[in-house]
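You will see chain A twice below: alongside chain B first, and alongside chain C after that.
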Partner chain A sequence: MAEVHIIGQILKAVDFAEPHLYCKWSLQSGNAWRLVQGEVQGQSHVASHRLQSSSDFAQPLDIHLSTASVQGWPRLLVEVYAVNVLQQSWPVGYGFVHVPSTPGTHRLEIGTWKVAPNGLWQSLRERFGGGGAALSKTDLLYSGVERYKLQTLSSGKVIVELNLIFRKFDEYGVEFK
Partner chain B sequence: MQKSRDIKRTGVYRVSGNIGDLQLELKLRHISEWLPVPKFEYAGAQSTNAYGDHYPGSEEDVWHDCYIHVPQGDDSYGGRNCLGYNCSYYNVGTGYTGRRRRSPIAQHGGEDKEKNEEEITDLDLESQSNRSWSILSDNSRPPAGDLFYKRNKELCNGAIATMRISWQQKHFSQAELEQYINNPGSCAPKLQRRYHNWALETLKLQQRYLRKLENLEYAEKQQEPEPIKVRRRIRKPKSKQRGCSAVTHPTITSLSSANMSEVSVLDDPNFAARTCLIHTLLDNDSENLMPAEASEFHKKGYQLMYIYADLQQDTLLVSIRYDPEQGLLYVYPDFSSSAQDLDYVVQIERNNDCRQLYAFGFENVTPLEAYHDDGFSEEADGEDEQELGDGLPIEEDLPEDASAGEILEFYHRRRAAASERRSLLQFEMPPKRMKRVSLLLELQEAQNFENPNIHVRYYLKAPANTYYEGTPGVDTMQGATATCKNAGDWRSAHLGHCWQVTLLLEEQHHPADLLHLYFEVISIDSWQRERCEGYAHYAIPLTSALPTDSIRLQCIRPLGNWLDALNRYFIGGRQLFDFESFFDVHRQSEMHSRLDFNSDRPMTTTGTLSLRLQKLQQRQIDSCDQFHHHFHLDLGNNSSDDGDSNDDEIRSSSNPDTARATTLDEVMAAFVEARKRIELLLGNS
Partner chain C sequence: MSASEGISLPGNEETTPPHEKHKQKAKKAKKKSRSAKESVPNAMDAKATASYFSLSIVGQIVSATFPLGPDKEFVFLRYEMVAGPDWQLCSGPQHGLTQLATNRRGHFNEPIVFNMPIEVTYKSTSPYGWPQILVSVFGRSGLGRETLLGYAHIHLPVFGSRRPADQTEQLQAPILMPKCPNMMADITSWLLRREPELKDPKVLLDNLKCKGLSMESYGSLQFQLSSVMRGARKLGYHWHS
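This part shows the complex of A and B:
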């Protein structure tokens, strides 16, 4: 059984329109992957920056997975939520990215998108009434259904730094090139 | 007569995890035996009754039909010493037939014909007759049944044979044990060598056990020879250290009135594995050994497993088949709710032998997976009794006021559970002579397109001699991303679409055959007008390195004439554009040129797509191939920046070595197959 160590941090979110953000992250993988140690999901604190439009999370990731197959390579899913002064939160960015397939240090930029408001009423609600729409089932993101009917708006970016350690893959003839 | 306890039906289950996790626990027990129906044709019966057997005269005449007294020493005919049907009897045809020493239980079973599973309680009344009977049985132990009895002492004494069997786990029968004891030689396949090692280990186990038994018997012989009536109870093994005193021997059951030398004195709960009582037939084994239906099932693509018990005759207990396409598991007979119930009954009736009754039960003990939060088992079966505490617990929290010892224990347990989880699966290797390539693709952004509301459709075309390997129901060779609304002009649309494609490459696959990726960018505006925004194409060779950064793909779209432009503006609509042949270099009659004034096919550039590709390769690896492997790695690191790299010449120098290794492999495989076939033929003839 080969093992993968993912050690890193979710650094910050940039270019979002809303100032106060927090990030919910989770790691999705296929059937043949088992979690040995660590948390596969979590939520960061609320962060904002006074001068730039960025929020520093510095959320640590320390996950140890063991796998019996190359299928179902893990993916990191991030959901960025905004909080307003009335303590209401709504999602302002969904993004996901494959965990890189080469060991070493990687700096990933995850482009996110949010669900677009459908009409005037919904955009008013988004601005004043406590937030926009959210996806009711987030497995829409990583399942293979046709997604073009989903209207989205581009949002900001989430920057993640990962250090990957792979173990015992060469025993099974897996090469990362 | 006893009706079978449970109707045998086929259980159908949907497997939602890995079939390799399946484990079942099988329990088998000998319940009873009783005489066969008396036969009337054997000669040698001393029947003084002129009318044959229909009008029995005296009481002794009744029994004359059933057996013949064989005088042993000073035993006499008839009377109290005849002990009814418990004697050995002689049949002209086969000589002495099977007669097991089953005195208390058989008498029990004979007297009351209901089969009960409770432990036999001791009866002091039996002791006397027991003594003389046992003397009888000593000398007249028949050879054929004796072998079975000697091998399966515990089973015949009423113990329950317990066996835990995993999916496609091989267990030997006695015959197979003898077959695999012989050293297959150094050029046998790995499987044969593994079987040989297992057979040797099992044989060692058996021999060790026999030696222990002999030592015990020898020690007993030192003491008084007359049978001692002892009350058996299960004792702690430390009594063994007190020398072999006659009274204190640990035993399995409370067969108290039996002669000591007759009862197996060593407590061995795993005797089923040692005596090769239960054996399995797998897909690995030859199809000739399997039942007739097996070849049909194999043709349909099922995976099969048969569990047999090596009783007086080889009996099929359980047959399991798994359909990997549908993910369905068929189990006949169905799982019991608890193996201890021993629901299913097997009757063995052979000619001139006692009818034997065995009962068995089996249940599903697949260990639970704690991967999900709610900790439900991955096998979609209703009952999951954990017999031996093998199940993985849901993650427990450390109590706040735990002592140091408790903290240590807690982490020990967690580590043990984690290592168990790690060891549950075998790593999936690609099929023989195939290489597996897994691509991780990611469409990151789309920029500079004319209209907003765009989404991207992608199509992958695999090259020749490759197979697409994926989960059923999910097609990753084509798909669409989500629509991004604010994408026009200078703005970039974050698509963020990731997917993974796994392909199996055959040997004949040439590195120059490329995998083609086609992208089509479509915009749909608020009036539902669809317009094509651009087409892009990218081709990668599957065996060489890929660029590590994101690739920026330029999209182009056909312009058409002024009428088409008006159409596009007002009505929308996508023209059928055969982009596949457009991008296919081999099928074009002439070169495309951007400066083409030919108004047939003018194209214009639109926006760009940003794509990120990562690749994983998996080959069949052998330990002797290690240095070939390093060789590969060294050359692969200096990748070129363009995806269509032509490091074929570098690869070709390493090819001869691997080519030699694979042909050697093929030769070995062919030799082994031929050998197996010849062995089968010779075995059959």
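This part shows the complex of A and C:
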């Protein structure tokens, strides 16, 4: 079985309108992939910056996967939530990125989107009432199947740095040249 | 003759057939990664039970930078190396404490230089639990009162140093300071002039335990670290693309 090690950090979120953010992440992969060690989901602390409008999560990732097939290459899903003074939280960014397919150090920028408010009342609720709309089924994040009914706005970026170590892939004929 | 004798550099393709990689043959080999410094060659006697690879990290905590100056006059750091269950520390200290450094005589946003050496060697069977360095930044006012200024943590470099092109680029880690969980704690901390500290800073390295924490980031630490690895290619790991 070929093995993949993903070692890195979800570094920070930039260009979001809200100052206090936290990030929920999960790593999803196909049926042929098995988790050997590590956790495939997590939630960071609430982060804000004193001077700029960025949030440093510094959420370490250390995942060991083993696989029998190249299909179902793992994806990192990220949901950024904002928190207000009353401790209410609402999603302000959804995004995903495929884990790169070459070994080495990679710095990835995940562009995120959020659900667009649908009228005046929803815009006001988003601004003042603790949150806009959220997705009810989060599998829309990584599947392209039923997206055409959704209206979205672009949101900020999440910066992730990953180091990838592959093992025994050339025994199965996969080359990374 | 195995092609892995002598120094293996990126670009020297490994021409051994894959199944030979797992045969343990007694041979002398010297392997260096891209940014390797000169080290005394070790005879790698491959026995049947030798399935460790060893990782040697050399470098320093260069400095701490605060954009509007540090909150206290003197700053010192306490660092700790944290690694997974498969990792064994072979040499080097696991904890360390730096000197008290200040930048008061100069410009307020000059980097506060520590120049703290970090030299550790780890031995492991698997890259899971790659060692991280967790630094607690403390400040000491001129009157001797010490408080926490924040925590910073990074993974030790996985591939030599950061990128082969810019060897002088330093690793930056943001300094995160925990905020008070409620108003009462805020008032108490203002009265006693002590910031809240985490009971166990390793909570920041866990994926689920830091859920309710609220942190503010201010300042960053600069590291200059490079790693030398030995024995990983024999175990089948693709270390470089």
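Here is the rule we go by: the second predicted complex is superposed on the first by the 174 of 177 C-alpha atoms of A that agree within 3 Å, B and C clash if a C-alpha of one lies under 4 Å from a C-alpha of the other, contacts with A are read in each partner's own complex, and residues count from 1 in each chain.
Everything below uses one rule, namely that a contact is a pair of C-beta atoms (placed from the backbone, for glycine too) under 8 Å apart; a residue touches a chain by one contact, two chains touch by 3 or more.
Since the structure is predicted, the reported quantities are computational estimates derived from the model, not experimental observations.
Student: So, A:V70: does it touch chain B (first), chain C (second), both, or neither?
Tutor: So A:V70 only meets chain B here.
Student: Touch check for A:T102: first (chain B), second (chain C), both, or neither?
Tutor: both
Student: Output check: A:E171 vs chain B and chain C. Expected answer is one of first, second, both, neither. What do you get?
Tutor: both
Student: Given the touch rule stated above, what does A:N163 touch, chain B (first), chain C (second), both, or neither?
Tutor: second
Student: Determine, for the superposed model, which of the two partners chain B and chain C contacts more residues of chain A.
Tutor: B
Student: Given the touch rule stated above, what does A:H49 touch, chain B (first), chain C (second), both, or neither?
Tutor: Second partner only, chain C.
Student: Which holds for A:G38: it touches chain B only (first), chain C only (second), both, or neither?
Tutor: After superposing on A, A:G38 lies in contact with chain C but is clear of chain B.
Student: Quick check on my understanding: which residues of chain A belong to both its chain B contact set and its chain C contact set?
Tutor: The answer is residues 36-37, 102, 170-171, 176 of chain A.
Student: Which of the residues in chain A end up touching chain C in this complex?
Tutor: Its residues touching chain C are 5, 7-9, 12, 20, 36-39, 41-51, 55-56, 58-62, 64, 102-105, 163, 165-171, 176.
Student: Which part of chain A faces chain B closely enough to touch in the complex?
Tutor: Per the touch definition, chain A meets chain B at residues 1-3, 31-32, 34-37, 66-73, 75, 94-98, 100-102, 110-113, 116, 142-144, 146-155, 157, 170-177.
Student: Could you please specify the touching residues of chain C with respect to chain A in the complex?
Tutor: Residues 18-19, 67-68, 84, 126-130, 132, 152-155, 158-159, 162-163, 173-174, 176, 204-205, 207-208, 210-218, 235-241 of chain C touch chain A in their complex.
Student: How about chain B: which of its residues touch chain A in the complex?
Tutor: Those in contact with chain A are residues 17-18, 369, 371, 418, 421-430, 436, 438, 440, 442, 444-445, 453, 455, 457, 469-471, 474-476, 479-487, 491-500, 502, 522, 524, 544-546, 548, 614-621, 629, 632-633, 636-637, 639.
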